[in-house]
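For clarity, chains are labelled A, B, C, D, E and F in written order, and residue numbers in each chain start from 1.
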Amino acid sequence: MIDIAIPKGSLQNQTLQLFEQAGLEIRRTEREYNARINDPRVGKVKILRPQEIPSYVAKGYFDLGISGTDWIMESRADILTVAELNYGKQGPGKVKVVVAVPEGEKIYSAKDIRPNSRISTEYPVLTASFFSKLGIPVDIEYSFGATEAKVPELTDVVVDLTETGSTLRKNGLKIVDVILESTSQLIANKTSWADPEKREDIQAVETLLSAVIRARGKVLIDLNVPEDRIEEVISVLPSMKNPTISKLYNSGYYAVESVVDKSQVNLLIPRLKKAGAEDILELDISKIVP
Amino acid sequence: MIDIAIPKGSLQNQTLQLFEQAGLEIRRTEREYNARINDPRVGKVKILRPQEIPSYVAKGYFDLGISGTDWIMESRADILTVAELNYGKQGPGKVKVVVAVPEGEKIYSAKDIRPNSRISTEYPVLTASFFSKLGIPVDIEYSFGATEAKVPELTDVVVDLTETGSTLRKNGLKIVDVILESTSQLIANKTSWADPEKREDIQAVETLLSAVIRARGKVLIDLNVPEDRIEEVISVLPSMKNPTISKLYNSGYYAVESVVDKSQVNLLIPRLKKAGAEDILELDISKIVP
Amino acid sequence: MIDIAIPKGSLQNQTLQLFEQAGLEIRRTEREYNARINDPRVGKVKILRPQEIPSYVAKGYFDLGISGTDWIMESRADILTVAELNYGKQGPGKVKVVVAVPEGEKIYSAKDIRPNSRISTEYPVLTASFFSKLGIPVDIEYSFGATEAKVPELTDVVVDLTETGSTLRKNGLKIVDVILESTSQLIANKTSWADPEKREDIQAVETLLSAVIRARGKVLIDLNVPEDRIEEVISVLPSMKNPTISKLYNSGYYAVESVVDKSQVNLLIPRLKKAGAEDILELDISKIVP
Amino acid sequence: MIDIAIPKGSLQNQTLQLFEQAGLEIRRTEREYNARINDPRVGKVKILRPQEIPSYVAKGYFDLGISGTDWIMESRADILTVAELNYGKQGPGKVKVVVAVPEGEKIYSAKDIRPNSRISTEYPVLTASFFSKLGIPVDIEYSFGATEAKVPELTDVVVDLTETGSTLRKNGLKIVDVILESTSQLIANKTSWADPEKREDIQAVETLLSAVIRARGKVLIDLNVPEDRIEEVISVLPSMKNPTISKLYNSGYYAVESVVDKSQVNLLIPRLKKAGAEDILELDISKIVP
Amino acid sequence: MIDIAIPKGSLQNQTLQLFEQAGLEIRRTEREYNARINDPRVGKVKILRPQEIPSYVAKGYFDLGISGTDWIMESRADILTVAELNYGKQGPGKVKVVVAVPEGEKIYSAKDIRPNSRISTEYPVLTASFFSKLGIPVDIEYSFGATEAKVPELTDVVVDLTETGSTLRKNGLKIVDVILESTSQLIANKTSWADPEKREDIQAVETLLSAVIRARGKVLIDLNVPEDRIEEVISVLPSMKNPTISKLYNSGYYAVESVVDKSQVNLLIPRLKKAGAEDILELDISKIVP
Amino acid sequence: MIDIAIPKGSLQNQTLQLFEQAGLEIRRTEREYNARINDPRVGKVKILRPQEIPSYVAKGYFDLGISGTDWIMESRADILTVAELNYGKQGPGKVKVVVAVPEGEKIYSAKDIRPNSRISTEYPVLTASFFSKLGIPVDIEYSFGATEAKVPELTDVVVDLTETGSTLRKNGLKIVDVILESTSQLIANKTSWADPEKREDIQAVETLLSAVIRARGKVLIDLNVPEDRIEEVISVLPSMKNPTISKLYNSGYYAVESVVDKSQVNLLIPRLKKAGAEDILELDISKIVP
C-alpha cells in the first residue's frame, strides 16, 4: 500500500481528471487537503504545493507524488522518476523555464548577460546553477510572483516559467535562453521503489495513469477492405504495431482495426480511402496499455 | 401508446439526461411543464413533483412514471415497480431516509428514543409506520424543509433524507437509524401493465433506460493475446459472460473483447498485462442490452 | 495549399467545433481574426462575417469557405457548393427565410400580400426576386436587425430568418410563406476547383468535415447472435450497408457490428433483442467515411 | 432581548438585505440555519421556512418573525402584526393568491366554478374557507408545487400565488378571482408584546426596518430659491410635511430641502424649475424615521 | 404625449440605466421590443437598431429618439438635436470614427491615401463625403463588421468606430485620421418640436435625462468653516456657481455646501483643508437641475 | 511627484476600489502590472506582491506603497507607516498571524510547545523571533501555502494567517497564540518623507484614502427638532464633534446634522426619536475629512 502526494494549484485540475479517468478517482474528505482513493493499493492521499512534493517524497513522507520537472530540479530532491505524464496547466504539452530581458536590450543569449545583473526569479537554485555554469556572476533575488512586471525598474533579468511566451511579450520582454523544459512527472521515493511490494503497487498506478495519457493522443480506426486491396491499406497504416485483421464471414472482406495518432488522422483518412478502405470509422479510446 | 410522468426538482436533470442518452429526448413545449418525446410509443409527457407522481400513476393519469423509493413508500400508492434506475440528484447511488438526534444525546438507535418525543419530518407516513412498529408513541410534525435546523429548540428528533450525512453533522446531529434506502424507480400503473400492448411499450422504454444505466458502470476492454496465453487471459476476465473471441487473420493472435465493471478496471488491467494481454484498449459504451 | 474563410457570429462556435473534431483545429493567433490550421494542405485562415464570405470566395480571396444558404443566395456569388454541412447556430438542423405578417391580417400566403406593402428585411435581393416572381410590386427597406419588432407601425411585412418561429409569434406575427431553407454550406472558388492540386486538398478537407457530420447522427451497434438466428438479426438491421459479421472462436456465435441512425436506436434495440441478439452494445463514433 | 425567525427561500435574500440596511446585519454561524445579529436587543436568530414561522411565533418559540400574509392566513396562527414590510421575492410590491382556470372555460369569477371541481393548491385552508363562503363544494388536493402545470388533465382549478400572472398565462390559465394580496409582515408573539421590555425591543427593531422600507421609495430634494419665489416653490412641493427651509447667508436666497416620492420626481422637477427653483439636487436616502 | 425610440445593442444597457435613474424606467412588455414608460407624457416606446432611429424620427414614426452622432450623420436624417447625452457603450465618454491603415504603410494622414484604394467600412456615406472633400477617389465597400480583420488582404484602408484604438492596434493597424467624434444624442422630430405641447413634453424628458448625466460627474461637498476663514474657503471653491452658505446656530461657524466636479475632488479637498475647512463631507448626487 | 506600489493578490480588489473611491482611479495600461493614476502628484504605479512591497519601498524604488502589517514585519523593511487603512481581503477588519496545533494536543499556549517541534509557516522571520523570545528552540520550515493541511503528518505546529479561524478548525487545528494582528498599511520611504515636496504629495494621497476609509463606517443623520427639545436631542448625539445646527426659517424648529458611527445607528435612532427628533434621515457619505 502506497501514500500519494497530489499537486495543488495549476496542475491540480488536470491531475484530478487524470486520476479519475484512470479509475483512481480522488475524493475529498471533510479535511480539505486530505483525500481518498478507493483502491486497495492506495493509502494516504494529500494535496500539497508542487514546490514541496519532491522533498516530501524524498524524505519518505509519501511513496509516490506528482510534480513538475521545474520543482523537482529546483528542490534537488533525491527521487526516482517513474513516468513522464506529459500534461501541464492547460492540458497536454510542456512549459519552459526561460531567461528573459527587456526587448530593446542587445542581449541575444544568456551568455550576453552583463556580470552582476539583478535577476528576479522563483527558481533561485536553478538560476544559480545555470549562471554558474556560464561563469557569469549574478545577483539573484527571490520573487514571490508577477516576476515579468519587475523589468526594467526592479530587476534587469527575469527567469520565469512560460507556456507560449505571450505574457512575457506583453510586458516588453524577450526570451533569450531556455533553462529547462518542464512537464508533469510521476516520482517515487527510492526506498519505496526498492521494496518489491510497494514497487508493484507503484507500477500498477503508473500503468493506469500512462494508459490514459497514451489514449489521449490516439484514436481507434475501424475499416473494411476487399481482399484484393488489403495489402495496400495495410501499407498506408502507420507501422508502429500490427493492425488487428479479421476475415468477415461469408464475404470477400477483411475488417481492420488500428490505433493511430489523433494528429495524423486528418492526413491518414484520405489516404486510406484512396487505398481501398470502406466504411472507415473513428472511435475514441479511454485507455491504452501496450 | 403510453403517458409518462417525469420528476421535477432534484431528480430532473439526471432524468432528462437519462432519457436523452436512451434516445428518448424530452423536449419542452411552449407550456412549461408539458413535454414531448419524439417516439411513436410515447404519448403525453408531463413534469411533476416526485411526491405526487406515485399517486398520479396509481390513479391512471399516467401509464409510467419516475419517482424515488421514498415518495413511493410515503404515498402508499398502489403501483408496480418496473425497474430500479439507480441514480439520484448527484448521479449514481442511493440516498437514505434516516433518524437523527442531537450529537450529545445518549441515543444510539431509534429504540432509545424517548416516548412522546417531537419528530419533525417531510415523511409523516413513513415515520409513523416506523415508530409504530417499534412501539414508541411519538409526536410527528410535518416539516416544509430545512428540518435539520430545528434541533434542539423546535423539535427533538429529525427524520430526513441524506446522501452523505454531512449536512446533518454540520447541524450538530448524528444518525441513529436508517428507515429506508431510496433510489429512482421506474413505476407503472397496474392496469396499463395488464394491457399487452401497453406492456410492450413500457418494456421497450424500460429496455432503453436500463441499457443506459447498465452502460454507465461498464467499459469495453479490447485486447490481443498470443495463442498460447489465451486461456490465462480468459481466466483473469470476470466470469459473468463469455468474452467475444476472434482469431486474427494470418497471425498467431486472438482478439478478445469483454465488457467489464468500470470500478474493477484499475485492478484488472495490471492483471491482464501479466497474463499476456497486449494492446489493451478501453472504450466507453453508451448502452448495454444483455 | 488552400485558403479558408470561417464564419464569425452565429455559426462560429459550431464551425470551430466541427473543424476541431475533424482533426483540423483552428487556433487563434495574436491578430484576432487571423487563425491557423496545423495541416500542410491549409494556408491562410480568416474569420469573417458570413454575409461577406460568398463574395470573397467568388473573387478568389479564399479557395474555400463556409456560409449559410441564405447569404450565398442573397449575395448571388458565383461559387461551387462542395458539401452541405447541415448545422446551424444551435447544432444540427435547418433554418428558414420566411415571409411573416401580423397575426390578425387576412393574409394566408405571400400571394395575398397587398401591392406596395412596405417590407423590412436583411435580405433585399432574395425578397425582390421572390416578389418579382409573384408579380407583386413591393417597397423593400433594408433592416439592420430586430426586424420582427417593426410590425405593424414601421413596416407591413417582414422577411426574416427563423428557426422555430417562436420569436415571430412572440411579436404577434404569423409565417405565411417560406422563401428558402438554409443550412451551412462548404463552398469553393470555381478556379480553385478546376486546379487538380487544389481540388485534391479541397476534397480532403471535405472528407474530414463530412465524416464528422455523418458520425453525429449515427452510433455503432455491436452484438452477438447464435448461429441459428443470424439471418433473423440481419433482417432487422437497416439495409443501407452490409453489417460486419465475424464468427466467434470456439462457440456457436457470430459477432455483428453495424452503424445505425441514432434516431432509430430506440426502435431498433427492442427489435434486435426479439430477433435473438445478445449483449448488444452501443458505442459513439467520432468520424465516418463511407 | 428577543428571538427572531427569518424566512428561508424566496423572501430570504430581500430579508437579509433589509436587515443589513437597517444596521442589523444577519451573520451566518457554523450551524447553517442558526444566525446572529450583533445587537444587544436580539437573542437567537433562526432561518426557517416561511410556512412554519407563524406557528412557531404563535407558540412562543420566537418573539418576532417575518412571513408572508399568505402563510400567516393559511396557518391560522394567533399572532400580532407589527408592521407590513412591503417587499416580496423580487423587491417591493405585493403578490396575490388567485383562482385560475383554463382559458377556454366559460368561467369569469370564482362564483362560476362548478360544484365538486377538483382544486389543486398549496393553500388548502385558505381555499376551503374561500369556497365555503361562496357556498360551492369543492374537492381540494394539496399540491407540492408546479400547480399551474396540472390543468386540465390532473385538476380543474388552481389556487396559486402569482406576481404578474405570466406563468399562469403561459400554462393556458386565466385568473378569475383573487383570494388575498400578500406581502411581507413583521409578526410578534402576543405574550412577548404584552411584556413591556420585549415590546420596547420589538418596537426598536420595527423602527429600523420600517425606516429602510420608507426610504426606498423616497429621495431628498435640495434646492435654492430667490426670496420672491419661495411661496411658489413651496406650493409645488407635495404637502405631506413642511419642507426644511433656511435662509442663506448674505444673499437673497433660501435653501429648501424636502423628502419626496421617488415615483413623483419625474413630474416634480420640471414643475419646481418653472416655479423658480435653482440648483435642484436629488440625493438618495438610507433611512427615514418620521 | 410623445413616442420614443430607444437604441438596441451597444448603447442599450447604458440607455436603460439612464432612463431608470431619471425616474423614467423602461419596462419590457410581452412583445419583446415594445416597452413602456410609466409617465403621462410618454406614449409608445420601441427598442430599435441605432442605425435606423434617426430616419424613423425624421419620418415622424417617433417624436424623440436616442442614437449616436455616427448614425445621425451617416443617415443624413433631418432631425433636431435636443441634447448631447455624453455616454457610450462603456459609460461616459466619446468614441471616434477613424481612418486606419496597416502600421507599416507610409501614410500619416488621410491625405496620403493612394487614389483608388479599397476602403472597407460600415459608414459608406460618411466615408464618401470625407474623401470627396479631400479630392481622393476611393473604392468603398460596405462591411458587415470585423472590418479591422480585412487589412491587408481584403482591403487597403478601414474606416471604423473605435474607443481606445486598441482593437485596431492588435490587428496591425494605425489611425491616421479622425472623421468624427460620436456620443449619444437625444434627437427630436422637427414637426413635434414645433408643436408647443409636444415640445413641453420633450423638454421635460430632456430635463430629467440631463439632470442624471450632469450628476454623474459631480459630488456634493459639505463643510464647516470658522467665521474668520470663510472668505478663504470660498475662494478655493470652483467659481461656477455660488455655494450655499448658512450660519450655524449658536457658534462661530458657517456651513458651506457646494457641488463640484468629481474629477477635481482629489485636488480640492487638500486645498479646502488648508484654507480652514473642517468636517468636510462628500456625498453622491442622483440628479442636478441647474 | 511620487511613485506608488499597489498589492497584487488578496488585497488587490479592495485596494483598487479604495483608490477609485478616493478619486485616484488606477487604470491598467497595455503592460499588465504597470498602471496609471490620472493625478499630477502621482508618477509611476506598479502592481506587485505584498510580500515584496515593503522592501521595494525601503530601497526607494517607490515613495509610497500598500502592504499588510504581516509582510511589513516579516520583511523587517525600514519604512515609515503613514496610515493604517483598516481593510483586508474581504473588506474592513483585521486578520491575525496565529500559532496553531492539532486539536487533541495538550498545548494551550505557545509556551507549551515542545522544544524542537517542526513548525511550517510562510513567516519564518516572525516565527523565529517569536519563539526566540519565548526561549523555545524550534525547527522552522518555509511553507509555500496550504500550511494547515500539513498537520500532523508533515509538521507539528503551524504559524499561519487567519481571519475567522474556520479553515484551521476544519483541518483539525486549534489556535493557541496570536503573533500579530495585521491590516493594510500605507507605508512611505523615509527619504521621500524627509523631502518637503514629496511629503506634501504623500499627505495629500493619505488625506484622500483616509477620507474614504473614515466615511465607510459613518453615516450622516439629518433631523428636525422643535426648539424646546433641542438640548435633549443634542445630549443623545455622540459627543465626538459638535453637530451642525441651523434654525429653520419661519418655524419653531432647528435642523440638526451629525455624522455618526454606522454601527451605532440601530441604537441611536430609537433614542433620538424618544428625545423629540422628527423626520430623521440617514444618508450615505463618500468621504470624510475631519
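Going forward, contacts are C-beta pairs under 8 Å (C-beta built on N, C-alpha and C of every residue); 3 or more make two chains touch, one makes a residue touch a chain.
Model, not experiment: these values are computed from the prediction.
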Task: Give me the fewest steps it takes to get from chain C to chain D if each step has to go to a chain it touches.
output: 2
Statement: In contact with chain A as well as chain E, sorted by label, we have C, F
Task: Give me the rotation angle that lays the C-alpha atoms of chain B onto its copy chain F, rounded to the nearest 5 degrees.
output: 180
Chain located farthest away, centre of chain D as origin (C-alpha): A
Task: Could you please state the distance in Å, as a whole number, between where the Cα atoms of chain B are centred and where those of chain E are centred?
output: 59
- prompt: How many Å are there between the centre of chain B and the centre of chain C, using C-alpha atoms for each centre?
  reply: 38
Message: Measuring centre to centre with CA averages, how many angstrom lie between chain C and chain E?
response: 42
Field: Sequence positions of chain E contacting 2 or more other chains
entry: 30, 246-247, 283-284
Message: On the basis of the stated criterion, which chains touch which? Give every pair.
response: A-B, A-C, A-F, B-C, B-D, C-E, D-E, D-F, E-F
Query: Which chain B residues qualify as touching chain A in the complex?
result: 166, 219, 224, 246-251, 253, 255, 262-263, 265-267, 269-270, 272-273, 277-284
- prompt: What part of chain D is in contact with chain B in the complex they form?
  reply: 8-9, 30-34, 44, 46-49, 51-52, 56, 61, 143-146, 148-150, 153-154, 167, 170-172
Statement: Seen from chain A, its contact residues with chain B in the complex are 22-24, 30, 39-40, 203-204, 207-208, 211, 215, 220, 241-242, 244-247, 254, 257, 259, 283-290
